[in-house]
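Down below are the structures I want you to see.
After this come two complexes, each holding chain A, first together with chain B and then together with chain C.
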Partner chain A sequence: MKAVKFDPRTKIALLLFCILCTTFSGTLELQLILTFMIAVFGLLAGKYKYAVLGLVCYGVLWGTSQLILQSLTGIWQAMFAAFFALVHKVYPCGMMSGIMIGSTKISEFMVALYRLHMPRSIVIPFAVMMRYVPVVFEDWQYIKDAMKMRDVTPSIKGLFTNPSMTVECVYVPLMMAASKTADELSIASVARGIENPNPRSSLIEIHFCVQDWLAVFVFLAFFMTTLALRGGFI
Partner chain B sequence: MSKQAGNATAKLNVKDLITTGIFSALLFLALLIGGIPFGINPVTTFYMPFGSALLGGPILLLLIAKVRKRGAVMIAGILSGIIFIAIGMHWAIGLGCALGGIIGDFIAGIGKFKNMKLNTLAYVLVSLGSTGTFICYFADPQSWNTYMLNGKTSEGYIQTMSANAQGWMLPVILIGTVLIACFSGFVGTKLLKKQFEKAGITA
Partner chain C sequence: MIHFQNVSFRYDDNGDGAVRNLNFTVKKGECVLLTGRSGCGKTTLLRLANGLIPNYFSGNLEGKIIVDQMEVSETPLYQIAERVGTVFQNPRTQFFNVDTDSEIAFGMENKGMDSAYMKKRVIQTAEELKITNLLGRNIFSLSGGEKQKIAFASIYAMNPEIYLLDEPSSNLDVISIEALRQQLKLLKEQGKTILIAEHRLYYLKDLADRIFYLEEGEIKESYNCQDFLKLSDRQREEKGLRMMEYKNSSFCNQPQLFQKPVLEINDLSVGYKKQAVRSNINLAARGGEIIALLGQNGAGKSTFCRTLCGILKPLSGTFRRNGQVLTQKERRAKAYMVMQDVNYQLFAESVEKECGFGIKNPDENKICTTMHRLGLYPYRERHPNTLSGGQKQRTAVAVSMMCKKELLVFDEPTSGLDFDGMANVSKLMGDLAESGKIVFVVTHDYELITRICTRIIYFDACGQMEDALVSKKTLPDLMGFFPTQKDLFLS
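Coming up: the complex of A and B.
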């Protein structure tokens, strides 16, 4: 099956609906249906493994939480109820944004955000941020190796035996690397004309097509159902 | 570009925007990584803001020291808030981060972004954002939990809840978060003085 191409704006809209649905949904069954819909969307967008794994994990989680809530009583039930409420509210949106980020290029995001008339002071930091998060983990691996070579243990144990040293050895290289990257990246992007005040053009074209309207319609219908089941008012 | 440096009223240029983006990524990860060990454990879920507040201080302080213009803290707070909402955290966390960033930006601006105490206060405000969920929870704990139990609340359950959730927990969470964020800011101040100012990477 060939992956269907969705407009980045559709994905943003769907994420918004996911957030609204999890905020307003009254029952766990609805959350299960929502996760299933997200998994279907993931399959369509070409994230096969992610979608299937995400759905299976949620199924297990769903079963466990039902079991725990039926079998426990009193204070433990209250504790777990609060905890699982948090997990069930987080999970569908987390899965949706995972699919969204995994299936969209940063440049597509930027085009979409400019089309939505977001100001440059939000779009540029946002794009840089999305790109930099994976780099932090990469940097962290290098820093850990370097620390080992210099006999500093980047571990919980080191944090207790030698706190100030460990804190410095973690923060200083990480933040030095970050500020150096910031300098280099701004030089590179100024050289490529990011300061040009004219509207940005792009080789990537994004349109709203049939599949986008369909996806938005399905999620909107689901959201309406959620609201109706809840009692009809916000 | 360099002429504008140090002028607190100047607009953010591209370099500032990129710096803000990179440090927002670090700040977001610090908030997330600090919060996870508390968040996944049902007993300590309520103390999640403590963990979040612990790590971010040096990062936000260096961001302020590098940019020193109105808007950097605001953008960092808003972006972290957006991403928090996007990965499915309760909307109150995102709103809290954004509000904390906006107010923190003004407060740090009072000291022209050079007063370390006010800068630390800005960080405290941003990290208080993650208590948003719990403010919501304690405002109406019953509806939060009935959602989980599909309306099958028993009399005993409601009694346990009201005996357990606990007016004192919210002040403890808020005050604890402020204290830990202050500590984080203190460490950040030390680090800035000892390392980053010498290295000349602050503006």
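Coming up: the complex of A and C.
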């Protein structure tokens, strides 16, 4: 199946709807439907593995929450329910952001944000941030190697058995690498005229098409339903 | 094209790299090489020419700089960027997009050019620079050399009149450097003006029209290429400069071999997730050897080193130390890698604490003697990140001594270093070997190899491994390990 191309603005709109839906929705069933919709969107956008995995993980989470609600009582139930409620609120938005970042090129984002009349002072830092995410993963690989050679285990276990050292090992080099990378990145982009005040163009053109209208409509409809259910209109 | 008149500059933090009394003119179509020791002001000079000073870096600027009829200090950066393109040192941090096509178009996008034109120009750029195979790729999956080609293409696509390059070769292997040379040749043919700051000189031999030698922020001498080549090795080394030509250098490396430790590797195959990158590795090494590990990108050098240091599990085969099989954990305890970017492996808040980091009840006396031995004692209170590159390397080596490591792997320790830096690294490796350790060094640095290495292991592209001792006799063979550069080395 060939991936459907969505306009970055659509993705931003859908993310907004996700946030609104999780804020207003009352029941777990609605969250499940929302996550399912996000997964379908992910499949359409070409993030197959991510979408399936995201849905399966959420399924497990959902099952566990249901089990806890039914089998536990009293203080235990309250404790777990509170924790899981938070996870349920965050999960769909996180999943949507992942699909959004994974399926959109940085330059597309920049054009989209400029079309939405966002100021430069927001767009450029945002683009640098997106560019920086994969660098963190690369840095992390090197730091892991370095830790192993110093006999510090880069794992969850290490975090419990030797917390201060593990944290120090991760954040010190990561911070140092980050400040250097950010600096060099900005220099390289400034030297190629990123600050040019004239309208920026894009190699990849973006258009709002049928699929975008459809996606926005479906999510909007879902959001309206959520609101209606909450207000007791249905 | 470029005109500097009585230019002096000092950074706000009074750090290295201040320049004084710069007076020179570069004509259209000229290629000028800037060289000199680290911190001599080469980079500062380039930043003055592309407007990063004073627009991005602030400090005290005097004098007048005219570049392509623009008064640099009064022109906004984006306007200078249209006519002056800069290629930087680190391929990892100079691209902004994740896909190659957008990256090549990045400068044109900022300028607001028409999309149809950009599409044409991207393809034209790729064809002229012979990188059509890199179009449509994810930049994070490219090698360092390929990244640098994209960075170059991104500038080339904007078609500036002036090109500034800041140590573009320092993270490249021999083959990528040759590609860079070809690109520069193309620019010269097109009549572009080029200013290039570099430590590695050999690849610019036929390109540079003039060579400026900088010392402490001043242009001390200006040579044409013939005169520069006439400098004797001694004069060159006194100036802290790297070789301009690869020729029969002196071999002083007679290894003093130790009985122990002896490392034996049998039928080793290394790789990730069951997929072998390199198989049939057989070798034996003894304390006192300095082994250069050569090969192209992707030949499996780093996979081998990571396995050697116990970070990766081997797919098959054994490691033995003095006859005893080493487990992964034991290798990790005995081997240590000094990474190319040492910053990743320094964790503590002072050099002294770094030496004892992760060790239960560290021996204070031993930390002291180790720091003295490596010349780090005056810096014991300093944060490792405030040290120079060479000092950081030595701190990492101090750590390896504290942990009683017997085998050290250096990953590209001389990339971007001037002659003095290279000489220091080779002395450090020599000292380690003299104390009976086995030293491996992954490198593309011919000068370092002939200076200190006793043996070469070459991973070729077809899965074969060659193993040779370094001596005057094997020099022709040694040059064979740098295939595309053969004629350059022998000239």
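Just so we're on the same page, the second predicted complex is superposed on the first by the 193 of 234 C-alpha atoms of A that agree within 3 Å, B and C clash if a C-alpha of one lies under 4 Å from a C-alpha of the other, contacts with A are read in each partner's own complex, and residues count from 1 in each chain.
Operating definition for what follows: a contact is a pair of C-beta atoms (placed from the backbone, for glycine too) under 8 Å apart; a residue touches a chain by one contact, two chains touch by 3 or more.
Quick caveat, the model's predicted, so the values are computed rather than measured.
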A:227 touches, of chain B and chain C: first, second, both or neither? neither
Larger contact residue set on chain A - chain B or chain C: B
Which of chain B and chain C A:204 touches, first, second, both or neither: second
Contacts of A:127 with chain B and chain C, given as first, second, both or neither: both
Partner chain(s) touched by A:189 [first = chain B, second = chain C, both, neither]: both
Partner chain(s) touched by A:218 [first = chain B, second = chain C, both, neither]: neither
Touching partner for A:91 - first (chain B), second (chain C), both, neither: first
Which superposed partner A:168 touches (first chain B, second chain C, both, neither): both
First, second, both or neither for A:28, with chain B first and chain C second: first
Which superposed partner A:72 touches (first chain B, second chain C, both, neither): neither
Residues of chain A at both interfaces, chain B in one complex, chain C in the other: 127-128, 168, 172, 176, 180-181, 185-186, 189-190, 194-195
Residues of chain B defined as touching chain A within the complex: 12-15, 17-26, 28-29, 39, 42-43, 45-46, 58-59, 62, 66, 71, 75-76, 78-79, 82-83, 85-91, 133, 137, 144-145, 147-150, 156-157, 160-161, 164-165, 187, 191, 194-196, 199, 201
For the chain A and chain B complex, residues of the former touching the latter: 15, 18-19, 22-23, 26-28, 65, 69, 73-75, 77-86, 88-94, 96-97, 100, 120-122, 124-130, 132-133, 136, 167-168, 171-172, 174-176, 178-183, 185-186, 189-190, 194-195
Parts of chain C lying in touch with chain A, wherever the complex brings them together: 50, 52, 55-56, 76-79, 81-82, 85-86, 88, 90, 92-99, 101-102, 105-115, 118-119, 122, 140, 151, 154-155, 158, 306, 309-311, 332-333, 335-337, 339, 341, 343-348, 357-358, 385, 399, 403
Residue ranges of chain A in contact with chain C within the complex: 105-107, 127-128, 131, 134-135, 138-139, 142-143, 145-146, 148-152, 165, 168-169, 172-173, 176-177, 180-181, 184-205
